[in-house]
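Got some structures for you, see below.
Note that subunit A is present in both complexes that follow, paired respectively with subunit B and with subunit C.
Showing the complex of A and B:
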């Protein structure tokens, strides 16, 4: 088991390194000079030169990468060109908000998906099975940025139940755990939860249906186990796969929340990425991308390590 | 008695032998769901293709006097947008760009991904390892984030978002093509072909490709819906098509300010993205089950 964890952690290191390389290289794909954002077009050559060396832009690319990586490891992601503030601080507060949104959405989506999928798997061919199939197809086919707009129209404009935009009544973007702030979370989280709900419903339905046909389940039933006891066996056997799928979904949601964050003006990483892209704020773009992707790499690692812990068969392989 | 033994054999021999793809086609034609969905998709595609002849109005020319008319207005069946342009015409023209932007990345990934996957799987060994490990890096990024980051870095524009989407689909197709190729490569008949002097290229073309195309085709049809959603999503963010070009995602974005006054019209472009994407998804399901007949 320890060897497995060790191997898996070792495997994550080259992946993490390549992620830093890609995050860094993306910036060199970008057309235009990042200095255009701070220096006026007619700035004298000396000023441009001074700015270049201040940001380290006059060094060769691999050296720039090394310097950037060394600083990033120490938690210094540079200074935002547009706002002049430290990128690390801006990303950190935004990641908190995105994590909150993605966490709630994943929790709601996975819970609903498990219930719906299990019911559908148990009652194949019934109306609930058809409903679950519809939910899973809609969940993966719906453009969630559109769903967000429709939910805003219905629950915010017509019914007036929930606010349409922002993350709190004071508009500061700082989160607090009270009812007033939670009301702002409902619509974006609901919008985002549709994707994992669809995927988990489909996964659980297929797993449960397959499990019910297995010989060991038939044997358990034949020995007179109650429905609840059989269900416990099925739940135990589906848990590892569901965990793996659900864990990745949180990562996808964190990366994919940009569209929903734009619809609801949610002050998370998506909002930050948007700012970075349209103001050509390269350090901010790099930093946000790096933090989000590292999060995804770590999440993959955690899922892979947790899986054999709840499914002993996998650790031995 | 012997007659009844002979009869089934004759019956089998009497039906003309059909190719695998003909059987899949036959199966699909008998699937009512597949027919219904194909009809809807065909309607959307045809109205996009023939938009210049079918559209009731100019898709670019607005009128300040007729801004944000509700649905069912005279001369504007689905109302007008924030610049007073006819929604029916905009949606029809928008379909041209949206459909193309959804389909092109999948086509590109299908061709390029299959080629890389065949190569990697057939060559095998260290080269295969190297190619697959490099592609693993793409899996370290959530796909939406990667698409946004690439097209954000390249700058807004239609061709850049096409590149970004192709780049996120290629590794996925390569994985499918590579795993099938690796399985097939070890089979005896490939070895026999090699022994009889066939070159690598003709072995891949004649013996491997046929096995790989099926799974890759199924996978690619499944990507169409994701591609539609993401392509329009990029335009929605302002990273794809630029105004005044009609595109469903961009229209959804520019109409956002109208959701208080004219919610139904504002939601229309998104509804079309949804219908197209769900149709692609259901069609992919039908194709997948139709192609299962071999087993």
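Showing the complex of A and C:
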């Protein structure tokens, strides 16, 4: 088992390095001038040149990459061109906000997906199955942006139950675990949860339906095990696949949603990315991309390590 | 009588206490303002994010030497004394300007404003070897004060600024240059990122709280030196909400009390829900800036005039749900610099077709041109629908326009490079659609027509070169009488219109939507707005 974990960690290193290259290079492919973030549109050439030099943007890209990587491994992601603030601080604060939102959305999405999927799988062909399938298809197909706006119009403007935007009455910096602050989470978390809910419902449904036809389930029933005990066996056998799918979905959520966070002005990583993209704030863009990609790398590593703990056969392979 | 006088004495004794209690119990008035920016503009002295940002963290926290009158709405503002009580050009050497500074003004941190502070601030943005030099602030303001060559302290309350050339328009550059506290910079460990969180200026508001990307709380500076401009609201909370629909939702939901730039399609809904729409003449124009370089199809004045006659501007205003006004020149007709152009821009398809026929174009042989446009962004209004409208209108007179659509940030690159640059001429681009700020003579007029500003030396994008205009611009620079200067600017504007230098479509009106809680908001005819006028 230890060898398996060691191998997985070893595999993650070249992936992480590739991620740094892609995060760094990708932003240079987009057209536009990063100094638009700082200089007025009509800034004369000498001002632009002086700024390029001040921010080190006049050096060859490989040199810039080397310096950036060296600083990044020490936890320094540079300084935002637009705000002048440290990128690491900006990203950390945004990641905290996104984790909060994604945590709630993931909890809601995975829980609802497992319940709906199990119900549909157990009652395949019934109206429950059809209803659950319909909900999951809608969840996967519905555009986030549109759903967020509709939820805002209904629950925020018409009914006045929840705020339309923001991350707390005094901003995310003063977050507290009380009803006044949690109200701000409801609509964006609900909007974000529908896609994982839909995907997990479909996955669980298919797995449960397939599992119910397996011989070991028939054998368990023949041995006189209660329905609850049989369900425990089915749950344990479906768990690794569900975990892998849920891991990916949680990874997507942790990455933040540009659209949902922009619609709700939620100051997370998606919102930060949106700002960085439109301002061509290269250090901020590179830092945010790097952290988000690393999320995926680490999350996949955790899932890879967890899977054999649940199903030891996977570790042997 | 005795008991009554005893009672009276008791009441009189209690009165001062009652008044003081009333004062302390006075509820703080708060205005929450949903702004269209993604972040709070820079708070260290020189705001980033363009002219529109000065109303938020510029002229609220700080003052310039010469200010722009922004607390009136029924006429264009003018230059007024700020931290300088007076300014005059040296009659012997017209490059030298003497500024008399206001006495008794203190920064928010309690330190004194004087000539040393002015010199220190000039060094902050112009002297890259000075310890307080800040590249970010410098980048914001340096292009706005291009005339300054040198400066010196005359005495504690007077400074002298020397310009590179004689430049009578120089005072118009100074509302952009704001004075921050040297003492606060020292106190914050000479660290501008710390100053950003705890800024200190002389302005009518102080920064109470800053949460980057989320909010900035400005509180009234009761000790402000200009008692006529004391803030009418105790606290203004700036909330960045870049998405237009989210801004509207926040207003409808009551999370904010006013927003800027509501999208045109929600105007009827806002009005029917009891919200007030405020708009005014704004120094902005939405044009097609033509290339007049050899090889461009727009070199023929008949074609440029025809294009201007082919646009039904009232229909464009209708498309914008009233959030625009027709543009019949670079400046609004109410501007003192509009003049009396001979070419009257209006909608006349027949005249436009006749001009195109004279120029040799018809249905079988249409004029083909490529225009670079942005998909949206600040100042671009409803870029795509408006451009499609123009495209269809020009097709009516046998001008076939195709678009190169780019992001606004990329469009700036094409703009700065000029029509002759390979990224434009090499792609066959012969016109650019970019919203222009036209706030002062340089920004509105001279930078587009002066042949010395042909890109990349400036933003005379199309390479316009008219010796008569150059001579007028020279005369403007050496004319210190404002009225004569205005007359000369009118002459230049008349030539611009008569030459149909651009296809002018509409002016922005900088709309704001206010909840009924907002009792007063004076919208100036400028991008600079005075938030002290906001009353709840």
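The rule we apply is simple: the second predicted complex is superposed on the first by the 290 of 317 C-alpha atoms of A that agree within 3 Å, B and C clash if a C-alpha of one lies under 4 Å from a C-alpha of the other, contacts with A are read in each partner's own complex, and residues count from 1 in each chain.
The rule is simple: contacts are C-beta pairs under 8 Å (C-beta built on N, C-alpha and C of every residue); 3 or more make two chains touch, one makes a residue touch a chain.
If you're wondering where the values come from, they're calculated on a predicted model, not measured in any experiment.
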| item | value |
| --- | --- |
| Contacts of A:149 with subunit B and subunit C, given as first, second, both or neither | both |
| Touched partner set for A:296, first subunit B, second subunit C, both or neither | first |
| First (subunit B), second (subunit C), both or neither touched by A:267 | second |
| Partner chain in contact with A:115 - subunit B first, subunit C second, else both or neither | neither |
| First (subunit B), second (subunit C), both or neither touched by A:157 | both |
| First (subunit B), second (subunit C), both or neither touched by A:92 | neither |
| Touching partner for A:254 - first (subunit B), second (subunit C), both, neither | first |
| Partner chain(s) touched by A:141 [first = subunit B, second = subunit C, both, neither] | first |
| Which superposed partner A:83 touches (first subunit B, second subunit C, both, neither) | second |
| Footprint overlap on subunit A, comparing subunit B with subunit C | 31-32, 149, 152-153, 157, 262-263, 274, 278 |
| List of subunit A residues in touch with subunit C within their complex | 31-33, 35-36, 38-45, 47-48, 50-51, 54, 82-85, 90, 149, 152-153, 156-157, 160, 163-167, 170-173, 262-265, 267, 271-272, 274-275, 278-280 |
| Complex contacts: residues of subunit C adjacent to subunit A | 38-39, 42, 48, 50, 128, 135-136, 139-140, 142-144, 146, 192-193, 196, 211-215, 239-243, 245-246, 249-250, 252-255, 377, 406-407, 409-410, 412-413, 415-416, 447, 456-459 |
| Subunit B-touching residues of subunit A, taken from the complex the two chains share | 14-16, 18-19, 22, 26-27, 29-32, 137-138, 140-143, 145-146, 149-150, 152-153, 157, 251-252, 254-256, 258-259, 262-263, 273-274, 276-278, 285, 289, 292-293, 296-297, 300 |
| List of subunit B residues in touch with subunit A within their complex | 133, 136-137, 140-146, 148-150, 152-155, 225, 229, 232-233, 236-239, 249, 252, 256, 259-260, 263, 266-267, 270-271, 273-274, 277-278, 280-282, 285 |
